[in-house]
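One chain, chain A, links the two complexes that follow: it is found with chain B in the first and with chain C in the second.
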Partner chain A sequence: MLRYIARRLLQIVPTLLGISIISFSLLYIFPGDPAEFIVEARYAVEPTQEMVKKIRMEMGLDRPMLVQYLDWLSKAVRGDFGKSWTEDKPVMDLILERLPASAQLFFTTFAISIAFAMLLGIISAIYKDRAVDHFCRIFSLLGISIPSFWLGLILIWIFSVQLRLLPAFGYGGIEHLILPVLTWSFSFMAIKTRFVRSCLLEALSQDYVITARAKGLPERIVVLRHALRNALIPIITYFSLSISHLIVGSIMVEVVFSWPGLGSLLVESVFKRDFPVVQALVFISGVLFVIVNLVVDILYAVIDPRIRYGD
Partner chain B sequence: MLKIENLKVYFKTDLGIVKAVDGVDLEVHKGERFTLIGESGSGKSVLAISILRLLPKNAEISGKIVFNGKNLLELSEEEMRRIRGRKIAWIPQSQSSLNPVLTVGFQSAEPMIEHLGFDKKSAFAKVLRIFDFLGIGRNRAKDYPHQFSGGMRQRVLVAMGISTSPELIIADEPTKGLDASKRAQVVGLFRRIEDRTMLIITHDLNFAEKLADRIAVMYCGKIVEVSPAKEFFNEPLHPYSKGLLDSLPSRGLKPIRGFQPSMMNPPSGCRFRERCEFASERCRREPPLFNLNGRSVRCWLHD
Partner chain C sequence: MRLTRRDFVKFTGIGISTFLGMSLLGCTKKETFKDTLVIGYADDLKLRGDPAKIDRSIPKFCVLERLIEYDLSSDDFVPSLAKKWEIENDGKRIVFELRKGILFSDGTEMDANAVKFTYDILVVRKHSVAPKSVEVIDDYTVAFNFDEAWVLNFAKLQDVHGLGVMSPKSVEPEGDPNGTLVNLIGTGPFKVVEYVENQYTVLEPNRYWFERTGLEPKIKKLIVKVIPDEDTRVLALRSGEVDVLIDNYHGGYDYTPRNQLSALKRDGFKVLTKNIPYTWIVAFNYKKEPFNDVEMRWAVNYAINRDEIAKIFDEWVRPAWDGMFPPEAPGMAEANVRYEYYLEKARDIVSGKDVGEIKFIVDNSQSDQVLVAQLVQQQLKDVGLNVKLETLERGVYRDRVRSGDYDLRIYYIGGSERTFYMRIFWRFLPPEKPWKVYMSDNVTEKAMAVVKEFDKTKRRQKFVEFYKALYEEAGVAPLYYEVVAVVEKPNVEGVKFEYSEPRFYSAYVRAYA
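Then we have the complex of A and B:
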């Protein structure tokens, strides 16, 4: 088990390097001269040659790209992503300011969608082709086909504009959280419900389920202990892969609900061409994704003994 | 102990009705090893699993399965559940019948925890004793099925089956997928538990010969012969039984001509008549099960 974890840790090093290279080179992939962006971003004037030159020297943009990259990377791993171009603050401070809002939205949505996807998926599988199953099917079909920005706007119109029950935007109490979480989890859990259902049905059709029933175990134990534990292996893969989808989706939900999180920070920074912030956000989300994958791989080994003893 | 009367199991499929078991009568006496033999697809496994009422949902079952005086087909699901694994144990085929994510020790302990009210610890202790008895090795109880060979998995399934001291054990193809030396070990394994009443389903005639007290032959959803094992192997009564024995390598390796007919619309009359060398005009009528001093056979030759 420890060897397995150690090996997975070693394997993520090249991935992390790749992520850092891509994040760093965003600055140069974007057409135009970074120094000109800085002048525009900082002083909001048409850049002159002199200003550009001065900035280049000041920011070290005249050094070879590899040196710049290594310099950036060595600071980045210590959590220093430089200063924002538009605000007189370190990038890290900007990110930390916005992080709690995003984390709150993210974890609430993730927990609620997974809980409901599991619950509805299991119910659908047990009552396959019965009324509950059909209801769940319609429900997920709606969730898959309704775009979340549209759903968000409709929910705002119903609950904020018409019924005046909930705030349309802003951040703070639970009442602010309800609409964004509802919008976001509705689409996020839709496909997952179907996926849980089909994985569980697949597991229920296996021979070991007949063995479990032949032992006279109650159906609840047959489903939860014997079938679901096996079904969890593909379910966990799918859920964790969809975390990136959740991160991307957060951007839209945060914009629709004016949620002061990292998603809206990213959008603002892209519009303001505040590249250090963009670089930092891309890098951090990439690293987060790698860490999530690592945790999932370890989780696998906990659930599936064939992986645990594979090496 | 177990008496099956006119049992019919039909499967509704998109292509038509598959008559997997079509009017079976048989009786398993206490203490005997009753072996049901037949080709793949003759309905023998369906018959076995219908005793535990674990058939898929598209199956229609009729007739009577009387176990200790109670017709199992009339019991509620909950009453049936208390019989499964407690009074009637099922020893499935070994290949994929163990749950890959649970330890073999725990899987073997489950019936005792469920039916006998054992706590985990004492159930595990008893599992270790049974593992010892069956030659599995105590240290392997915490291992997972993928760490076992096919033969060892079969032992685990036997351990699971006998753990609650059931009154009847149904074993489904215990030698399927095992090579010859492993098959011999399974014979030894079943000899160790031979004091129990068993219904063994197999297409392995050598295995049947070594273990069975009585043999029933199933062909195309019907029982065609029931005989004491010794007499069966010395002098089979039904032409199909004879064909089966003649197709053994040790007895000349002569295959039965033709193929097993479709279970959707089996031939009228005797279902074996199209492949039978003794077939005559009267075989167009369905033969009844004739009784001949302790043996029974479904063939007009013995009228």
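Then we have the complex of A and C:
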């Protein structure tokens, strides 16, 4: 097991390096001189040659790109992404200020989506091709098809403008959480419902299920104890990976509902070309994805020993 | 006593009348007022951190006041915190005498040191509207030195990009122009009492301002809530969560969409608008083919039906037929320039040229401008121009402008009243920058003559010459004259425009008991 973990750890190193290179390169991928961006963002003036030169030296932008990258990476691994070009404070402070709002929105959405996705997916699989299955499939299809921003506005129209039950925007009490969570959950659970359904259907077609039924076990036991338990492995993997949505998964929802989280921070930073913030969010998002992936892989090996042996 | 039928009718009548009268009296609604006015606004007010970056709306017009203001109707710079001034050194130095007895909202007096502190914030940052230096002559006299001798020196001191006078206690360390803004303290009608970044700001009346002006505040709190999405802002007004929506009119971002104004008015909301010297245009990439050719620029001007564009916004805006700026702009009416809709002429010009695909770019975060661009694209296609419209994300749009990778773009000239002069500089005078619109030897010379002239009468004539030069070279294709808008619930009263900004010191919100 330890060998397996060690090997997986080694395997993620190139991925992490790739993420860091992409994150760092954002500064240079966009057209224009980064030094000019900084002058405009910091001083709100026309960049003169002297100012651009001074900024280049001050920020080390006149050094070879490899040196700049290594310097950036060495700081980034310690959580130091420098200062925001527009907000006059460390990037990490900005991210930490916005993290609680994003975390609250994400984990509420995550919990509700998983509960409903499991429920609907199981019902849909059990009653395959019957009315309830068609209903669940249409529900999922709508969730996948309807853009979040449009659904959000429609929900505001219904619950805030017409019924006056819930606030249309803002961050605060639980009443502020309901519409954003409902909006995000709708699309979040749609794909997962389909996934649960297909995994469970596949499990239900396996020989051990036929054997269980042949033994005369009640259908409830067959589905929940035999089929679902086996179907859970890919489901857990899939669900766990969506934790990476924490950083940027809620962009549209946060913008529509004026939710001061990381998604809206990313949008603002891209608009303002505040590259240190964009770099940090892309980097952290990528690293989070890789780490969750690693943890899931390890758990996978713990749950299902065949993975280790096969490996 | 015997009760006759007549008495019975009489007493019954009196009884019913008394009952009805008392009932009516009881039902009469006693008018009451809410003590809070809630404003929906697109941006955070930026009341922490760099004091030079505070938002250009509420903080600058409700919390701070400036030394001078600009009155577009008379083209005069008029006193505000400064009582009077002297122009020295041909205009490179302006000495202001301050009004005495003006108090900041914390009760301390506004004096020359506070003025110096405020403008030093811009000086140390080499801000685009900063003076060269500021000197304190005595407690109530302060001198501003500038590099250039031009009327823009006055424009800078009241421009929306600059600052109003703030107390040195606004920053930490106290009085340090490089310090961090911790609590914005001004002399204006409101003071900041609570600020939650990216969420809301709570303001209360500044009693010193009200004592000074002899007015009575009608609300106890002014709350500004940050709602970045334009559709959500409108829905928040409709749901009653905010009382008023105000524009951030800088460059078409973050305002109430003009194509929703009619629907809001129809539904009972009040729409207040103020004409401003601000024009949406098609800007040419005039440094390269095909629009380095003045004839091609005229072809675009002839091809555009500006009435159709104004109709997109239910005519809340005016079509730009009568000049590149609206007639209120100084000298515009006298310039007597008029744009024509002349399809045949446009087709004749285009048919004689070998023009390939034309790249027309628009910023997708300016939803109104996307609609305008689509209509302009169609109108240009109608005269034979092969126009490819690209709707770009804001940052990509800026990058394309920066790199010059476009032929046409939707842009704007002018601005709010107080920005009008600086925008002449920012759009038509060197050095070459992405935000410049059109420069040629003749136009640049004429624009420079305008901004150098201190004498109002002479300046007006120079404005006329500048407009004519720009018109003759078809430097821009004006589309429509912009307005600044306030949308409010029917029970909101007393919001009014001063210069181009909505003011709230006399605002109140009716409620019914």
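Everything that follows uses one rule, which is that the second predicted complex is superposed on the first by the 292 of 311 C-alpha atoms of A that agree within 3 Å, B and C clash if a C-alpha of one lies under 4 Å from a C-alpha of the other, contacts with A are read in each partner's own complex, and residues count from 1 in each chain.
Everything that follows uses one rule, which is that contacts are C-beta pairs under 8 Å (C-beta built on N, C-alpha and C of every residue); 3 or more make two chains touch, one makes a residue touch a chain.
Note that this is a predicted model, so its numbers are computed, not measured.
Visitor: Please tell me, clash or fit, for chain B and chain C sharing chain A in the overlay.
Guide: fit
Visitor: In the superposed arrangement, which partner chain does A:F169 touch: chain B (first), chain C (second), both, or neither?
Guide: In the superposition, A:F169 contacts chain C only.
Visitor: Could you tell me if A:I303 is touching chain B, chain C, both of them or neither one (first, second, both, neither)?
Guide: A:I303 contacts chain B only, not chain C.
Visitor: Is A:L217 touching the first partner chain B, the second partner chain C, both, or neither of them?
Guide: Touch partner of A:L217: chain B, not chain C.
Visitor: Looking at the overlay, does A:H226 come into contact with chain B only (first), chain C only (second), both, or neither?
Guide: So A:H226 only meets chain B here.
Visitor: Considering only touches as defined above, state whether A:K89 meets chain B (first), chain C (second), both or neither.
Guide: A:K89 sits against chain C, while chain B stays out of touch.
Visitor: Which chain makes contact with more of the residues of chain A, chain B or else chain C?
Guide: The partner that reaches more residues of chain A in the superposed model: C.
Visitor: Using the superposition on chain A described above, determine whether A:Y208 touches chain B (first), chain C (second), both, or neither.
Guide: first
Visitor: Which holds for A:G263: it touches chain B only (first), chain C only (second), both, or neither?
Guide: After superposition on chain A, A:G263 lies in contact with neither partner.
Visitor: Give me the angle at the C-alpha centre of chain A between the C-alpha centres of chain B and chain C, rounded to the nearest 10 degrees.
Guide: About 150 degrees between chain B and chain C, seen from chain A.
Visitor: Would you give the minimum C-alpha distance from chain B to chain C, in Å, for the three-chain superposition?
Guide: 49
Visitor: Chain A touches which residues of chain C in the complex?
Guide: 49-50, 52-53, 125-128, 161, 180, 197-200, 225-229, 231-232, 235-236, 238-241, 365, 393-395, 398-400, 402-403, 431, 433
Visitor: Which residues, counting only chain A, touch chain C once they are in their complex?
Guide: Interface residues on the chain A side: 30-32, 42-46, 51, 86-89, 97, 149, 152-153, 156-157, 160-161, 164, 167-171, 255-258, 260, 264, 270-271, 273.
Visitor: If we count contacts the way the header does, which residues on chain A are in touch with chain B in the complex?
Guide: Residues in contact with chain B: 206-208, 210-218, 221, 225-226, 229-230, 233, 303-306, 309.
Visitor: For the complex, which residues does chain B have touching chain A?
Guide: Residues in contact with chain A: 49, 52, 54, 81-86, 89-90, 92-93, 95-103, 110-111, 114-115, 144, 146-147, 157, 160.
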